[in-house]
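Can you keep this structure in mind? I'll have questions shortly.
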Amino acid sequence: MKPQARAEDVQRVCEKIESLGFRAHPMPGAQRTAIGITGNPGAIEPAEFESLPGVAEAIRVSKPYKLVSREVKSEDSLIRVGPSAKLENRNSKLETGNSEPAAGDGDFDSRASSSDSRTSSFIVGGPELAIIAGPCAVESREQALAAAECVKKAGARLFRGGAFKPRTSPYSFQGLGKQGLEILAEVRRATGLLIVTETIDPENCDLVEEYADVLQVGARNMQNFSLLKRVGRSRKPVLLKRGMSATLEEFLMAAEYVLSEGNYNVILCERGVRTFADHTRNTLDLSVIPAVKRLSHLPILVDPSHGTGKRDKVIPLSRAAVAVGADGLIVEVHPQPERALSDGYQSLSPGEFESLMREVSAIAGVIGRRTSLA
Amino acid sequence: MKPQARAEDVQRVCEKIESLGFRAHPMPGAQRTAIGITGNPGAIEPAEFESLPGVAEAIRVSKPYKLVSREVKSEDSLIRVGPSAKLENRNSKLETGNSEPAAGDGDFDSRASSSDSRTSSFIVGGPELAIIAGPCAVESREQALAAAECVKKAGARLFRGGAFKPRTSPYSFQGLGKQGLEILAEVRRATGLLIVTETIDPENCDLVEEYADVLQVGARNMQNFSLLKRVGRSRKPVLLKRGMSATLEEFLMAAEYVLSEGNYNVILCERGVRTFADHTRNTLDLSVIPAVKRLSHLPILVDPSHGTGKRDKVIPLSRAAVAVGADGLIVEVHPQPERALSDGYQSLSPGEFESLMREVSAIAGVIGRRTSLA
Amino acid sequence: MKPQARAEDVQRVCEKIESLGFRAHPMPGAQRTAIGITGNPGAIEPAEFESLPGVAEAIRVSKPYKLVSREVKSEDSLIRVGPSAKLENRNSKLETGNSEPAAGDGDFDSRASSSDSRTSSFIVGGPELAIIAGPCAVESREQALAAAECVKKAGARLFRGGAFKPRTSPYSFQGLGKQGLEILAEVRRATGLLIVTETIDPENCDLVEEYADVLQVGARNMQNFSLLKRVGRSRKPVLLKRGMSATLEEFLMAAEYVLSEGNYNVILCERGVRTFADHTRNTLDLSVIPAVKRLSHLPILVDPSHGTGKRDKVIPLSRAAVAVGADGLIVEVHPQPERALSDGYQSLSPGEFESLMREVSAIAGVIGRRTSLA
Amino acid sequence: MKPQARAEDVQRVCEKIESLGFRAHPMPGAQRTAIGITGNPGAIEPAEFESLPGVAEAIRVSKPYKLVSREVKSEDSLIRVGPSAKLENRNSKLETGNSEPAAGDGDFDSRASSSDSRTSSFIVGGPELAIIAGPCAVESREQALAAAECVKKAGARLFRGGAFKPRTSPYSFQGLGKQGLEILAEVRRATGLLIVTETIDPENCDLVEEYADVLQVGARNMQNFSLLKRVGRSRKPVLLKRGMSATLEEFLMAAEYVLSEGNYNVILCERGVRTFADHTRNTLDLSVIPAVKRLSHLPILVDPSHGTGKRDKVIPLSRAAVAVGADGLIVEVHPQPERALSDGYQSLSPGEFESLMREVSAIAGVIGRRTSLA
């Protein structure tokens, strides 16, 4: 749409699209609104739309992904996490004029945010790097609160911690479940940190959605299409981790599943891929960051903890991730790594996380980004 | 347990295990019954059990997988698919004296088998190779019936066809859903072929279970632990495909999830892994067949269609799969491959499938196996 | 060229090619002779050649490989190994009317064959599978002769054994060098087995060439282009192993280097590729066999010893290799595997090799091939 | 050796080692001299050495690599490239008290350095990052000089350019050969840039060694052990690129080959590994940098040009490489990338290289390193 297009122009185009039996995806940006069309079995005649008022141009997208593509939306998406002004999101997406239409509408996520007066929202994809830190799994109230205090003090704005843990062995600790979610809610109340936690299947999403500020979809579920569709119908932002052997196209197509259901608030995350190399648990593929930036408007984070699987590699690779242009980091930090129930060997101690924050802040400073420290 | 152990001896050991707060998994074999113990946080003193009547020995399993392991059950598992004598499975697993305690109990799967007088059961893992053939997706009643007639005529005993299709793109054909399952039921009634079809999430399993003789878990869901637990609570056999980048240990641990929930009827399936090699869609790892045979009692099939992704490689790799020792094949066959809605480029024509059957029957003959042809 | 083309027609075409400043590669086959052209910077006008007497057609080859391609030579190449009638190879390649113009010309390889009245030549790529067996490294006269006697008795026709060993560590046993070659010559005299041994650099090739019947280029040297060019100037057949992470195209291009220097006697060999999978040392990629057969006229063997790195996988994968269509096997056999100086864990004992021969002979029998046993 | 150990103490230990039939490798450092022992078939009794004067301790190295290991030499190696004071290197290594005993001794490399009064040496592994830039291949005098002028102006201190090019196809441009080396010598005379160029086989090394300041061993030759041994006998520093599918251990063992022959001046280089990922030509494995730093005293560079194979990824990955702790970069720069005879799609233009230098200088500044710019 043209920059000066009015809400009713957008509305008219959407109606036209839907009258043809297709699905319209209006995605407002700072300058102008893009409208994606999906559900069309073949090519559509651009001229049908270019004559409508307010339409700037109609572009045929050649890639298998559409809504995630820069061809559809050229400017970077900014994903708002946490409580946002309700009025902003109350009405139609089309009227809001911003790119995070659905995030954090307070109507339904009362446990998540209504009473958290200390919690403010955070924009992923903007100049401040999103630093998400916390333990692999929520193990106890004490552990979670201790971890949260220290990562907050060091400068993190979001807290990670699994209540439901996908584990390779059925006999490994599978997370505290709902009790873990309650603890995460308490962490938010106590610290104001926003909560990122994993959802493991569509049914489970009903519960996790009530507590989380960001719904994490793990690497093993990147092509769990039932789960992708379910989080696509959520109003919470989604952190989508790259699968262990996912190509870039498969990764973007997984995000496309979420967007195609109407949830445009997807944050991608590189967490290492599986290769023959055995000096790290996975091979962190930092080249995917500029590759995503070229093809897609979605922000992308890096998980150096799973990406390397070794504590002493986390800080150097965090520096590299920021230098390469990632929009943030998700890092495992445990108050006592040696006692962690899972992934202790890759979790940073509080002191190490402070070093990480100092070092990545310095890097951020010279490439036009920042952290909460500077 | 000793070969001469009585049902009450087995019962007593199970009670002892459960009185300690652990879980008992009796797995009857032709010679003797093995009882797996799970749920124990640490090592258990073998002497506690070896003194009980009927106990032959108590073995500490060092591998992360237990129930799938040959250390727990040394003889090959035979998995019965399809309608079986109800009396056989009616009562306690412990009294049946065979290794497929739960398969095909007619009580709940009325759609699946009660009225299919032509359908007889099939044993996977025995001397006759399990040949599963059919289209990638059920596209229509006509297509499915035509495919079924031709694969039956050529010698297949089981029919494959997806009603729910996990597709990389949200815009690709996702299967006919419940209508596809109805068609599969008709295929069984019309041909007597047993039905293998995919289930894609725990909720979906409730529906698929009513129709399928074998529940397929696809490669992308190999570590969808919610789905693994759900099929583990089913009484239908499970065909578990190896994930695209799953190590052997992860593959066996995925099966362990199913067994640990009480369903011991797992059929493994190698379908190619992801590598740098680009002359086939995936790299079929036939060495995993003898590796599985060494570590586990479960049968394993090969999918040369997905394993190569190219029609002209399917027959040679099928020969190789049988020669290496696989317990069967799952092959895509389409009445008109060039018109298939999915995977047409890797589907065999009816005539090609007949060639495949002739060639693998000849190989089977010289290594002590057979097909329905000979 | 047309089937009835005379030697002088072939000669005339070659002269024409060379008069244009290009290089001519006449490759005689059973039916007709193909003439490859290399050295042309761009496309050549086919009409320039099609008007010459005896020319059937001029085909532009679109693939990066030319001489190895079926487009240039549609029928399978048969590679003669060992002493051949001298008269046959004495004169111009163009007059010989067979496809192994240079192999075994007795003029220069006196050590290799002149006095070996017991040694007869062998055709790789014909109905009889090429079975090459022997120890990883020649360790002593006694070990080599013992190994040779047992593999000969079991039915092998060629003997493998390294005199120069490329080893990952500079501190590992590097082979006996020239003394190893002398022992190999003795093995040939004593048993009549043809000798396959590795050459590790261009200079070293001068020496190895005097002793070997087949020059092996190892996986680590598949893109050692200096060595490829050197063996391309040899008159001995070359066994070229696929590199650890070589695509099919790179593999064929490596063979193209050898052919482009004038040695058309290349035998390819799949020996496993490097992947994430850790249950075998390498992942044996049997799908490359039909893929090579489709694109190239060169024969291809399989090395199940390096391809799996585990003794108990060698026999099943040998069966599979023959079933998939390989032209033979190269297998490590050691009289006392547990005492081998290298690769003992993957070497078969004499008894195991006898089993292998029996099993692959049975498979060969049902797919229209044979071994020396049957 | 103890810090205060005298040259004669070192000498005595070396003599003792050699009297036992082993090989001594004295490696002087800033603080103290380490002496590696190789050639011992089994363990040696430490007490035999600890009683000698000047010996601080005798450590048994458990890793398969010895001389490259931090266990043998704990401080970082500094590798001097280019002309160095002749007196410094004239005499025995043991007396020099520095860690680059052999580099640039003027006696034999007259073409390389004797008349290049403008050329000063450079230390790889010190605070200043080693920036090596230039075209993939030397194509002409004009191209090379133009490239050299622009990379020098932008801040590079070393020039790369291939005279002998290992190419996948025998029909691709293979480099200008000796003429290319002459041009490189002219580049050095004209600009003072130090020359890094590839040697492709042992015989070829005799020639390249006369011209190059650093002998490059390419990824395809990482396990060309004949070449490794040959450059190990050179007195020029060696730039050793990681093989396409080399594990870290194999990479370090390849370096060990060079050191074990007496050349301790090895510079490692990560250039991407082969994986399933297809958005870049190779997958740059930056985690190997801290992994090498932990295990070895050798410096390591990153090649973002081959590591990504895409021009637009070179700058972001260069920033990341410096941030992760690499000791420098080797980058392809071509005066007119679109006209390059090889690798043009991954070569930077002069302007892009200037941007790269500015950006990596900024990153270097915040992690305690620097470039020639700052």
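Which chain is which? They are A, B, C and D, in the order written, and residues in each are numbered from 1.
Basically, contacts are C-beta pairs under 8 Å (C-beta built on N, C-alpha and C of every residue); 3 or more make two chains touch, one makes a residue touch a chain.
All values derive from a computational prediction rather than experimental measurement.
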Interface sides of subunit B and subunit C: same vs different residues, half threshold: same
More contacts between chains, A-B or B-D: A-B
Inter-centroid spacing, subunit B versus subunit A (mean Cα positions, whole Å): 36
Averaged-CA centre spacing for the pair subunit C and subunit B, given as whole angstrom: 41
Centroid distance [mean C-alpha coordinates] between subunit D and subunit B, Å: 54
Interface hub residues of subunit B, defined as touching at least two other chains: 245, 274-276
Residue ranges of subunit C in contact with subunit D within the complex: 38-39, 64, 66, 166-171, 200-204, 220-221, 223-227, 229, 244-245, 249-250, 253, 256-257, 260-261, 274
Complex contacts: residues of subunit B adjacent to subunit D: 245, 274-276
Interface residues, subunit B side, partner subunit C - complex: 245, 247-248, 273, 275-280, 283-291, 294, 307-308, 312-313, 316-317, 319-325, 359, 362-363, 365-367
